[in-house]
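Structure first, commentary second.
Order of writing sets the labels: A, B, C, D and E. Residues in every chain begin at 1.
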């Protein structure tokens, strides 16, 4: 097996507070293999986004990645990169899809500009070449190149999310982080987008870090899954195991409280 | 109310509040803080500051310090009176327009926008001049009548958003009468907007009083900072070198303005947690410096 | 090569408008009268009203005082070279008859007709005998018929390129910030004129005039200057000079017809008025409110220093005490007359016990007056008089004074060549309800009769008798309570020009304001300093 | 487009209302304008003379509604009558002169303080919590709390009277003829420094705060984070992602600011004797020059309306969401 | 089966005018029966909330009518409206927005009691408030004096339910009451709703986009699409045998851990959605019964 695309070791992240610090991520370690679809699940506020942000070092104060943490991508520790290295590392190696499709595109720039600025920041590319490349990327996600002239508000939510994915693929990153990329979308659209990602990663070979609190969905798409609880990674296993034979009591409880659409319904326990 | 508690732990608010309370106390106890009367000659014209006259005397031989602390009463009274009036009118109209909607909103909104585009101070000036001998009360009333529009605009905008909140919906569905919804469901949630509007209006009114006074449109019988500025200007205080006569009310105005502005900023920070910087950023910087972590 | 230029400030404004219409009182540039339109005669108030003949070389008052004849100099020309003749004078008076709005000194009302005797002589026929009519007539500028006959609406006519008769008629430069007015090429008295141009920089207020004076820019100015020895003179004691001459009378006035019945009882009582007069501290008012510039007026007959040539010494011996500040005596007089605190509120009441409550009215924004009133009120309150100040707008104040519906006020009366004018302006019942000068609404038949006599005789002895008697009546009744004569301000700089009138050589009033025609005499006396 | 049309209709209505108020204002006030005017001029006139003058100035005793329509008509034909104090100068010309100065003063001061304020605000938000931010906040608090009158008097005292570095009056050396040469322009700049400085001091803080707060509110937005995640340079994210979006609400605050600036410039012009609109209004009020007062209020309102409209326009230009596809 | 207590009869609601006209609800009919839960499912923007608001009389229908106990409710009848208010209550989606942050929990429970049970004294109201809190499994001693921000999301949602119950309602409309809650507390709320329905004989309208939870609480289901009800009937019948293409698509897309993603090329669903969207605007054919208590409104050909 080749070296992992992403290897997180003893990651500790605090949110510094005036009186007390909030320890949001506690000693988390996990690996993502090349081409792997890795799911990170857990309830709201358990620290999933905090990890995702740390990988691209997108945090702003008062977040603080504690000394001793390691985030290794492509053999080097992301936490050691200086500003220039960091800039070229971002997006080229790790691209990211954010939670809200509505808001992850800059409302005052055209779609083309938003392709262009990332291409120009990382490559020597002319405006025409960039346009051609953008059109090509849009085709990957089934969007007509006409859309390049549009502003984000002129596209529907699902379309915007697919545009973001296309922008993510612009530099052929090794890892795509998706932080709840579909919560704002309908189930039908959500499924469509995830299937597309699945197809693309198989074709282009990138890995995916997929963050959601929808366990059912996660089991459907992920190869391996990590379950988080209050900043700690309590269980990591392959998807089938997590579903069929969860180890951690918390994981078990999650399954127990998930109503089923088909087959036998879970027991309505006495409400507590 | 948690907002109050937060306000008291805000450094800006504390400094502002302390200053303001100090000014208010000085104004309230003015008669006990100076042996002189603000309207009697107690010295020669334009005496420089001395032990007898801490801030010197005016052209007429009045004690500047005495006039300053007595003037604080008028300036504060006009400021807070007009501020209150502006806020009350602005809040009531704003909530009405925002909550009632329909033609009520149309009418209020139209007038608000109208008043907003008429330049305020020039209008004030003209009104004060036409009415003549604008006593502090008159000034406060004119200010109240002409300056509510900004308050209406922000209150209305905020009300429009609060109206959509589910707790307002649920109060409606419980059959609460609409006045109760406006007073008990919406109004308490406008605390910061109303507070900012109030303090902003007080600043505005204090400044407007001083300005009208300075331009000679105030009542010379009254002792206020604006009238002090006017008298000093008339006595050519600057050209004859009696800087204390003119600069004393200037600094008093600046200090009062500063205390109120600090409060306003503090309310803004408390109401909008994103604006708060607080101590944690300093702590964070320290932690980074000692190598406890990085971004 | 611009010759010598005199920089002066007679007018305070934020912008200059090119308007040299001599009839426009509020809108014309202040250098229009006298400098552009020369008067027939200039009466020198500082020298017993001696006439300085200008366009006229003489005048003759008829024995019956029913007409006056002016004779123009020979060879007078307008600045465009046209001759200036009696026709122009006739034209001017016909003109103001036709356009009453032009008659800013209300002279038409006193004239029956104006007739041409010959090319240089004009006769004014009066409606009533008047020994002082010359003083009025010379206030009206004479305009060239050949220019003004064509003007359709002379009231709004701006007269941008004036054709005048005075020494300075040519506008060589005009911007909103400065204008220059130069020599009349056809001036009859050019031999006496050494100044080539006047330059008027725009100055908006006293502090700006002071700044310009202090840095030596201005040669001649009229402006109130605070603490003038320090702020102006000290900057260049050798050249920076000033001379303040007393002018209009400022007095306390009470209305004899004030609407409040109780106040009226007090105001109509001469003892009350006398007591008020004794209670106000004139000197302090002059020193503090007036920076020491005004001249105390303690003459019970209200004439004071200004008209000292006319003074009746008996007035001072008889009633002089009532013009002196003496708080004790004033209070004693009040006690004696029965004005004591009857209801125990700390204030004096009428002898019949009804309360007196005085509202001391002064126009808003007139700071020196407001200061004066505040100082006057200090001692009045100390004497137990219930008085407070109000400051309505000047317009409201004016109309209250006109109607007599006020209780107490300060009022000002412009100085004149002869005490007749202050008296007639103040006490003529015909003017009640028309003019603010009759604010006291005090009537006295004998006064009116004496005033009539005064103007209807040419005999100086008769006039003096009438004037003496008048002063006694006024002194006895004190219908107005004089405070001080406010000064005419006059600042000058001797570094570029000499020949200024001053206290040592009070040859005429040198004030450059447009209310002083003698400024023309001053201009003609100036000589450039050899550089 | 519909948006702009609606605004335009509103502005027209607002202008009409302002004109109406303007018409009634002096008529509701006590006193006879002509009499007041001459009372303040200190001149003595007979009643006949007064009445004759009244007629000349167009104070006719027509029924109110006729006067009103005549007034509205003259307003829309650009005829605001003639000044009484500066007779026979048409009000439009008098105000036109003053307008140039005020526009220059207020315009440049606003441009400077807007640029300065927004830049400071952007940088403070970007360096949030750092020393720079604290300093900007402090500056902003001072700037937004200290009245124009205080700032101008102190500047006048320090730089005009004490140090004598700057003149204490005028828009330019009055002895110079207006011309497009360096002598004149430098004189204008020299004279304009203190008034300009006052306006910049009192305005900058407000813009800085608005911008800073808008920025901070935006910094958490996904698209900003995405901009950083894309590996763009910090400056690019700050300007093209954050500032560009934060500017939108700031621009609308600019419109409201214009009114405050006009007020502030009034006091500044009076203190520094600057021949602008504010000073003209003040002088007109003192002289009870009704035609000028009325014209002035109208022009100021119109200036407000125009600047509001310009802001509306720029809003449409800046925000693609308002552009109708 | 008992009588329906509340019915919508071919109700439509239109927003906007002219070209931008939106049918937020088009000819929607439904009935709520005591002791039963009707689940209303559909994608975002399909008109679910609009239906809820029509029932809550926040909107007035543009056509059709609202029947309460078989009587049409007009606009003006104050007394009838008051009775209706105390009979129909709502639980909102966002537990953080549905309680006024400036009032205590006690105030939130006191107001409905005061408004709808005027006869109660202050002490009685306090007792009732405690009772309500116990009913939603919360500790009155701890909570009465607290402010909403001191509570967790689940606790807040329980308070909302208690407040709705305070007026003794017969119908409760719950608009996505659990979508903002964590998975682990979600079930508690759903159970609570089930209990209420059973114990108090409430008629429940449960609005959700999560069909799995719908199946958990409801006996009947209605599927909405673009303002229309496209398929409705008994829960098991509809889920087990979906007839309308949209229902099928929806069901297929619901995450299901039992089915891994197939390697189907993406895009086909979107095309189908497009077709369905286009057809939704066409004149609608009649209702079709496809089973016992199972109906669809078929797509026009």
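Heads up, the rule we're going with is that contacts are C-beta pairs under 8 Å (C-beta built on N, C-alpha and C of every residue); 3 or more make two chains touch, one makes a residue touch a chain.
What you see is a predicted model; the values in this text were computed from it and never measured.
Graph distance from chain B to chain E, where chains that touch are one step apart, equals 1. Relative to chain E, the chain whose mean Cα position lies farthest away is C. Taking each chain's centre as the mean of its C-alpha atoms, chain A lies 91 Å from chain C.
Remark: chain D and chain E have CA centroids separated by 54 Å (rounded to whole angstrom). Separation between the centroids of chain B and chain D, computed from CA atoms only, is 22 Å.
Separating the CA-averaged centres of chain A and chain D is a span of 51 Å.
Looking at chain C, one finds that residues 207, 211, 365, 393, 396 touch two or more other chains.
Under the contact definition stated at the top, the residues of chain D that touch 2 or more other chains are 30, 128-129, 286. Shown for chain B are the residues that touch two or more other chains, namely 129, 132, 216, 238-239, 281, 284-285.
Touching pairs of chains, sorted by label, consist of A-B, A-D, A-E, B-C, B-D, B-E, C-D.
Of all residues in chain A, only 43-44, 142, 158, 186-196, 198-199, 213-217, 219-221, 243, 253-254, 257-263, 265-266, 268-272 touch chain E in the complex they form.
Considering their complex, residues 43-44, 137, 182-184, 186-192, 194-195, 209, 211-213, 215-216, 239, 249-261, 263-267, 269-270, 273 of chain E touch chain A.
The residues of chain B lying in touch with chain C in their complex are 39-41, 45, 59-61, 129, 132-133, 216-217, 219-221, 230-231, 234-236, 238-241. Residues of chain C touching chain B in their complex: 206-207, 210-211, 226-227, 230-231, 288-289, 364-365, 367, 370-371, 374-375, 378, 388-393, 396.
Taken in their complex, chain E has these residues touching chain B: 56, 58, 82, 85-86, 88-90, 92-94, 97-103, 111-112, 115-116, 147, 149, 160, 163, 167.
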